[in-house]
Amino acid sequence: MAASPISRYPVPRLDELPADIRARILEVQEKAGFVPNVFLTLAHRPDEFRAFFAYHDALMLKEGGLTKAEREMIVVATSGANDCLYCIVAHGALVRIYAKQPLLADQVAVNYRKADITPRQKAMLAFALKVAQNSAAIDDADFEALRSHAFSDEDIWDIGAIAAFFALSNRMANLISMRPNDEFYLLGRVPRK
Amino acid sequence: MAASPISRYPVPRLDELPADIRARILEVQEKAGFVPNVFLTLAHRPDEFRAFFAYHDALMLKEGGLTKAEREMIVVATSGANDCLYCIVAHGALVRIYAKQPLLADQVAVNYRKADITPRQKAMLAFALKVAQNSAAIDDADFEALRSHAFSDEDIWDIGAIAAFFALSNRMANLISMRPNDEFYLLGRVPRK
Amino acid sequence: MAASPISRYPVPRLDELPADIRARILEVQEKAGFVPNVFLTLAHRPDEFRAFFAYHDALMLKEGGLTKAEREMIVVATSGANDCLYCIVAHGALVRIYAKQPLLADQVAVNYRKADITPRQKAMLAFALKVAQNSAAIDDADFEALRSHAFSDEDIWDIGAIAAFFALSNRMANLISMRPNDEFYLLGRVPRK
Amino acid sequence: MAASPISRYPVPRLDELPADIRARILEVQEKAGFVPNVFLTLAHRPDEFRAFFAYHDALMLKEGGLTKAEREMIVVATSGANDCLYCIVAHGALVRIYAKQPLLADQVAVNYRKADITPRQKAMLAFALKVAQNSAAIDDADFEALRSHAFSDEDIWDIGAIAAFFALSNRMANLISMRPNDEFYLLGRVPRK
Amino acid sequence: MAASPISRYPVPRLDELPADIRARILEVQEKAGFVPNVFLTLAHRPDEFRAFFAYHDALMLKEGGLTKAEREMIVVATSGANDCLYCIVAHGALVRIYAKQPLLADQVAVNYRKADITPRQKAMLAFALKVAQNSAAIDDADFEALRSHAFSDEDIWDIGAIAAFFALSNRMANLISMRPNDEFYLLGRVPRK
Amino acid sequence: MAASPISRYPVPRLDELPADIRARILEVQEKAGFVPNVFLTLAHRPDEFRAFFAYHDALMLKEGGLTKAEREMIVVATSGANDCLYCIVAHGALVRIYAKQPLLADQVAVNYRKADITPRQKAMLAFALKVAQNSAAIDDADFEALRSHAFSDEDIWDIGAIAAFFALSNRMANLISMRPNDEFYLLGRVPRK
């Protein structure tokens, strides 16, 4: 089988893009060695692209009580619940790299209960999945459960907001059939030389 | 019963806020006559506030094949599926106002099949609900169904992206227990004098 | 869009109806100022009409431990779970009127956890929803939970029986596409003059 | 294990009951040789008892396009979906007796697709189950499907109304833990002598 | 209606079968007085037949902490959840015979909470149903719950493994439309003479 | 975090095992270079071990219309639906190796609709998932759909039987918390030297 295209929608060439978007894409290419398809495919809509990555950066790059690996674990666990191939594969690579655990992403994507993580991290992912799947039922008891694991209320906002942002992201990726770059599948699985 | 607070989280005072956010809030107050709670409650996180409303505006204020009333109908139908009180009540008011149909928002929030809308609009909402509830199963047949109702592929992106953005919005509102302003409940139900 | 008819089935004229049914309809018209469509549409089957309203009256008009507003809240919450437009709109009006809370019906229809009601009323609605959605799993622990909120066993029968009766009512309304009268949407939202 | 009681609620003695209810019970005892527990347990609430059986009789004893066996098949199939022991066992006996097919009730309670019935009867039960489980999604296509099997619109009302009435009945039986009489389990399984 | 065939697939004649399979079938016929259709229909694939019954015997005929009636109750409860007519009817007969309770199989197939069994047996069936329906969520708390009812860890393996084996068996029976022998429906319902 | 053990249950030492089981394990070790944990963990119950692998071999090693890669794709897709970490990881390795497509296993585990496979293979996996998730609803139309893709009825048995066998296997792995060997995660992702 030939590989499917990276989006159902037209993918702009770099030289067609507004300068700020082109700069962002060149920056990520410089850093990662390739351009993740989420940048190319969402660039079809420049205003949405800008808002998407501003939101992403506000949640994923900020300081706070959650480690980078924990944030990416939230992404992978909720993307698993939403059956989003792009996000599982791309953010799975980030889980492996940040946590320096080559097996962790697959574990979290399938069943966080069986992952090599702490009970506190399991409580974090249980809450994230409730936000992803049944947010109307969230109540005080859910907040108490996280506080008992020493999560602050600001941490809880972070957990919930990441789950909420990837509820959007997973649906966009499924809508346009966003294809993960081949490179992601192997990243973090083998030691860098 | 006393009314519940408008958020589980602290709500900043206007004079504490960054100037751009304060300006946006004053502008909406000027226009609507009150400040919708989504502005006050999300202002707790200024960077996320900015990204949220940039995304919102990119989808809801742009030109395109969908009318303003249709965009708000997508919001209300998917927020109904997610049991999000804030979005049903606040965007229900917008449906009534834009469509000039005082019954339409309640119809769409409960069951779009019974709403006083066209078959084309029913197809639009069926697709939006699939994005909201089962986006992994979207396939070519769903695109074909919308094209047969003369939706362009750019319209389909709009429909799906609005459903995806409110997947985020509904989860944030449920996370923080965002309370709709009392004013929204009645807006558009009675003729303006 | 033209408004849809009030039923998929023929709606009898008043002068075609048996005397007892006509009398009941005239009585409700006298009291409410209009004839709710449930009376006109179910009159297509006189024997079922009589049994339906006898059952309704036995549950909704009797004395007992639940207030009228609480009974109607059970109707609205379970009709919300069953996506029944007629019952949400018509009984939502009754919730607003009996409780003298113009926002309450919309809150309860979408998510009782966020409604301006007491913890005891939330326990009542949680039980009603379990009867509506998963009655086979009701067990002693559910009865104990309600007793701990000072509901008697007769109150529990009332809660469960109202949920059960509107399981029927919601399905009939969905079967025949019963349309709510326009009047209901606004009732109880604005102070009576 | 001792057998459980026939209801969570007090069961009135015959001599405590209003005359009309006592007469109805004696009549059914005369005919069936025993008193089905639904009569004894619901007699705890005389007004609800009267409405319940008036409704039941209006649907199950009337003339119409459905045979008695078909009506009872609708009861058994939908009670199977609702996991209602009383109704499966009691109305299963009636299916066996009316259809003169000793295997039919168990087949229909578990999976109508595998039952020894006609394609027309399978279409009838598919519709009844949609009324029982997802009535909000009923639309014109469902009516067309039944009409193509030569069901009239009045037949369709009968099918839907029986499914709706037993939505109530199943929930009441589950609420009060109504126990089927031992006699029902064997009725219609062996030839009467 | 003519009865449906016992399988969608060809059913081998006894004289076509390998000797070991023929011997097994003759042995069960000798013992039961008829050949259960599971033997005839699965014999279409001799190697799978041998593995299937080896697995069955390893779980159902072994010594251990569960009685024969309890093992068959697990089969019936999980087959009820999977809507498998063959297994409910055939193993329901075994429940009745081993437990010497003619009503028990129907109770367990529909709703174990209402069955005439001990609290320990209800805990056993709750666990079996979790293995059948949501095995990924099994965690230490489920094991603790069973240990508190004096189930050993080997008993828990037995409960889970029987539920797992009939997850296979139910799916095979549904795949090939395996028809229960008429004889099973009545077995154990009336005293043997 | 320390890695979790490979089973909730005791894992026998090789020298404690019956000779036939030890031989099988040594054979697989010879071939694969390590012993997959399914062999060590299920050896806790020798009779069940023998039946399990006899069944496995009858389905997975036989000749027939499905390629080895296709059989393993069925395993991975249905194990994805059942959230079974062991089977996704271990059989994912086999999908990569047999299909010589390093990305295929992750695609199929998450969403076969997005995998780089043929329409015929997508029809095969849709059927396998129906057997895994809703086998009671399988009917003639499902068989017709596969026949239209040139699957024989024997192929259909193979597809369904593999889905059924891994319904068992997934539940056993989840029951005992079977841990995938670390080796599997990387197998087939990089070219063998």
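Which chain is which? They are A, B, C, D, E and F, in the order written, and residues in each are numbered from 1.
Here is the rule we use: a contact is a pair of C-beta atoms (placed from the backbone, for glycine too) under 8 Å apart; a residue touches a chain by one contact, two chains touch by 3 or more.
This is a predicted model, so every value here is computed, not measured.
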Partner chains shared by subunit E and subunit F (touch criterion as defined above): A, D
Recurring contact interface, reference B-C, options E-F, A-B or A-F [over half identical by residue number]: A-F
C-D against A-E, pair bridged by the larger set of C-beta contacts: C-D
Separation of subunit C from subunit F, taking each centre as the mean of its C-alpha atoms, in whole Å: 51
CA centroid of subunit B to CA centroid of subunit D, Å: 44
Overlap residues in subunit F, where contacts from two or more other chains coincide: 83-84, 111, 136
Overall pattern in which the protein chains touch one another (line/ring/star/complete/other): other
List of subunit E residues in touch with subunit C within their complex: 111, 113
Residues of subunit A that touch subunit F when the two form their complex: 1-4, 80, 83-85, 88-89, 102-103, 106-107, 109-111, 114, 116-118, 177, 179, 182, 185-186, 189-190
Complex interface listing, subunit B residues touching subunit A: 8-9, 44-45, 47-48, 50-52, 54-55, 57-59, 62, 82-84, 131-132, 135-136, 138, 143, 153, 157, 160-161, 163-165, 167-172, 174-176
Complex interface listing, subunit D residues touching subunit B: 136-137, 139
